[in-house]
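As written, the chains take the letters A, B, C and D, and residue 1 is the first residue of each chain.
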Amino acid sequence: MRVDAVVVGGGPAGLRAATEVARRGGDVVVLDENPVFGGKLLGQLHESHAGGWWRGWEVAARLEAEARSAGAVLRGDAGVWALEPGWRARVADLLNRGDQPAAYEAGAVVVATGACEKPVAVPGWTLPGVMTVGAAQVLTNVHRVRPGRRALVVGIDPLALTVARQLALAGVEVVGVVLPPPLGLNADAGSVRATLARLGSLASLAPTPWLRMAAAALESGLVRELAARVGPPGGVRVWGVPVHHRTALLEVQGDGRVERVVLAPVGADGEPVTSRRREVQVDAVCLSGGLMPLAELPAVLGCGFARDERLGGDVPLHGPDMESTVPGLFVAGDVTGVEGAEVAMAKGRLAGLAVCRRLGREVRDAEIEAARRKLDRARQEAKIEFYPGARQAAGAMGQRWREVAWVDP
Amino acid sequence: MSDGPELIVCRCEEVVVREVLDAVRAGCRTLQEVKMATRAGMGPCQGRVCRTLLERLVTLEAAPPEGAAGLTKRLPVHPVPLGQLVEEE
Amino acid sequence: MSEPRRLTLLKLGPDAGPEAALAAAAAYDELEAAFAGSVRSSARSGRGRLVVVGGGIVGLMSAYFASVRGYRVRLVERLSPGGAASGRNGGGVLVLGHTLDDVPFNRLSLRLWAELARAGVASELTVSGHVMLAFSEQEAETLRGAGELYLAAGLPVEWLDSSEVRRLLPHVTAEQRGGLRCPVDAQAYPFRAVSSLLSRLRDGRAELITHTRVTGFRVEGSRVRAVITEAGDVEADAVLLCAGPWSAEVGAMLGLPLAISPRRSQILVTERVATRVVHPFVTGNSIYLRQTHAGNLMYGGGGTWESQSFDTSSTTTAIARLTTRFLEVFPAFRGVQLIRAFAGTVDLTPDARPLLGRADGWENVCVAAGFSGHGFGWSAAAGAIAAACVARALGHEEPAAGVSRLLEPLAPCRHAPAARPQVRGG
Amino acid sequence: MRITDHPLLPALSRREVRFSFEVWELVALEGESIAAALLAAGERVLRHHERTGAPRGLYCGIGHCLECRVWVDDVGTVRACTTRVEDGMSVRRSGFGGRP
């Protein structure tokens, strides 16, 4: 089937991009693996910078309605398994039916595939009942099923704390938020110091003096060192959830499913004090290792990539109009750096305009400029930085684009 | 605390830390070579989950040769039912 | 569009007849007498320094057999050992389907693979048999005729009618018209075979120099004295070129006109399904397929999309075409998921027969390359024979006259006049 | 395990659908994923590892890790986390003769 543009991913960036294209008369189809649209928005529930609650599903519904009324076609259960330059998107109906096009030819493609969670390896992490915080969020807020009666959250970062709070709101007893095992392969997710650095970005949201202190400590390496050692020994409560920034999970145990966890305090040297290990009964464990861009389609196409941990890892190199190094392939949303839904929407809008221009439709420079300003503003206003320094990193992308700082995809 | 030798790194193929480290110590220098020796990264997720863990584990143990690629990303980018791949008439 | 040739592996030409089949049986006896048992270590040692160029399955096998024959082996590999087509292939160790000229060699290989397994080279070798399926009465007729010749060539085969095929392959389509089965054909797992050979070689048999490019040769008259690499010179009493599709490039450094061209071969692999839903190796309908020991189904084959290059990307065209053909054979698997597509580069020769033996113009250079898509199955025989060629070139052994006669048609420079010995980069 | 009273999430009215898992007949709510429906019914074990037989359940929840794959008759392998349960669906832990 021939269309003007294909958008891969129906989250905030993809829906927003499609709306821009459709509003300017473009034939556009949005393809998403999920049966419902909105991506990560669907499970989001946290306090917004404007005051009140950010109810992601309401935002998703609005974006979906806007895209549909502009004329975009939204197709769910659709897995895009290959992109061929020129362009052709190969699509699988994941329910294995045969009533929809298996390919779309298009003049441009927007990859808005979002982000996925980085793994946290823990002894026992394959037991049923161990899941990522993202999985717990979807179960709780989308499907309205509790991941467990008593849950432990592992990993101390903005997403983990947000989900811990959501679990508590849903009536799950959250026994605590702790560090992952301090194994070399979990990198700095298990380190007290790196944890404090991550928490700094949350300080303005969380009404906890200790967190604000930790944020201030970021300014000085010496103070950070000190903060790592002298934090409240019993942990702190963030949004009513006990956060133990000096306790690590050692192991998840159970016969065929999660039954208990083994925890131990972490000493000043960063090593767990195994002599003080203790068991806690839980039936769910939610792991958080942070988010990373999900950029497989650009990688297979040989796009240039740039590695920046402040953006979550390897991101497709892209220019000021969100075009990748492969002409006609645009990227938008968290796939270009983990910055959250509002920034993703702004990226999507910009990408949508750029696609229209690529398709030969009239887009005034002023409109592009306005979209760029809106993106800048969204970045400034974003309350949660998933990784410290994301704003600066995103700002540096323009420089990188000019330098073409390639890394092998 | 050591990285528990029996800790599963690749969930799909149940490859544990010890197997990966043994492969590296036996001479494997790249993720591709580790994959060949252990099956790590060969399951349905094709390394989407374990890739970063394997990268860290291998580089903790040995420096990969210059320019060595990690696990390659190939088509299809996610599993697809065979019935969806038949040629159109 | 003309009907594609669907009997995937059947390579018997129209001129194949009973006499050639009987000759093939006799040839196998010669090869067996010369090479059976050659996986076992001889008492000889310190016979000289052999440098193997190329760490694919043929290079690794050659290194293994040469070390067994008493040579000090160093193997130079540009990237990862077994990292190209040697690790990415169908894993067939097959005789059924080959030309009558090749049958004795492939029978030898089958035997040596089994000997290697007994000697501790783990490869998940399974004597699963091989069925060539017919999808028309004409194909059935062709296969029955071929069966007679293979029997005469010493290969046990039997004809299965359609219902017998279904008993052997419970999920196969009812559309098939029977099949020719060879019970002794086998399959192995390339990753395991490569890994196991590597660990055996590293265990004191050979020195492996990996991630190192060969840049030239140092020569003296008609002898190579050293292989020049990025990591320095490697002194050699003899050199064996096993660089697969890159052999032409390496051979050119010695002025050798090795007629090898690269061709992409694509393979697809599914998620695991219950093991042994497909036990034998299966060919037909223009594809080959097998189920690995782990339960994954893999399928691949030839086709018009292949490129004459070293490009190993996977194409959507091939994925669609191969999958369509696979589901025609096994419609029941339409809900199973494809998890990966991969590709390797095979080393084609003009007559689809390998280049195996001493190189014209050089006293101490041998070649084992050009296996034209069957290198994995061939590799055990290729390694044993290549090691013997080295021993002959160095004057350490004189092979039986019958074996020499069999190897004449495989002379490495047969497709082009040998240039005057010359060297580049030395 | 279902959340029926939540301070912030709006109440949903969802139709009941019937499906089967292995030998059990179960009731789900329309629109929920297979994994959610099974968890609501108390079942966390979605499959067993093909080689070791170890039980596995939902892990990433976004269709990425494939841990939750199950077999749906007449469809094939699907991800329990992203596939909506449908009336009459027959879900099994694996296809082709069950656990190898």
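Heads up, the rule we're going with is that contacts are C-beta pairs under 8 Å (C-beta built on N, C-alpha and C of every residue); 3 or more make two chains touch, one makes a residue touch a chain.
Computed from a prediction, not measured in an experiment: that's the story for all the values here.
*Asks:* Could you tell me which pair, A-B or A-C, is linked by more C-beta pairs in contact?
*Replies:* Pair with more contacting C-beta pairs, A-C versus A-B: A-B.
*Asks:* Which one of the chains is closest to the middle, using the mean of its C-alpha atoms?
*Replies:* Of all chains shown, the one whose C-alpha centre lies nearest the global C-alpha mean is B.
*Asks:* So what's the Cα centroid distance for chain A and chain C, whole Å?
*Replies:* 47
*Asks:* Measuring centre to centre with CA averages, how many angstrom lie between chain A and chain D?
*Replies:* Taking the mean C-alpha position of each chain, the two centres sit 24 Å apart.
*Asks:* Calculate how many whole Å lie between the centre of chain C and the centre of chain D, each centre taken as the average of the chain's C-alpha atoms.
*Replies:* 45
*Asks:* Among the residues of chain A, which ones contact at least 2 other chains?
*Replies:* If we look for residues of chain A contacting two or more partner chains, we find 33, 82, 94, 96, 116, 126.
*Asks:* Send over the residues of chain C in touch with two or more other chains.
*Replies:* In chain C, the residues touching two or more other chains are 271, 294, 316, 319, 334-337.
*Asks:* Multi-chain contacts in chain B: which residues touch at least two other chains?
*Replies:* 11, 14, 43-44, 48-49, 74-76, 78-83, 85, 88
*Asks:* Could you please specify the touching residues of chain C with respect to chain A in the complex?
*Replies:* It is residues 316, 319, 334-335 of chain C that touch chain A.
*Asks:* Chain D touches which residues of chain B in the complex?
*Replies:* Residues 11-14, 43-45, 48-49, 78-79, 81-83 of chain B touch chain D in their complex.
*Asks:* Under the definition above, what is the set of chain D residues touching chain B in their complex?
*Replies:* Against chain B, chain D makes touches at 49, 51-52, 54, 59-60, 63-67, 69, 75-77.
*Asks:* Show me the residue ranges of chain C that touch chain D in the complex, using the header's touch definition.
*Replies:* 171, 271-277, 294-295, 332, 334-337
*Asks:* Using the touch definition up top, name the residues of chain B that touch chain A in the complex.
*Replies:* The contact residues of chain B facing chain A are 1, 3-4, 6-9, 11, 14, 17, 48-50, 52-53, 56-57, 60, 67, 69, 73-78, 80-81, 83-85, 88.
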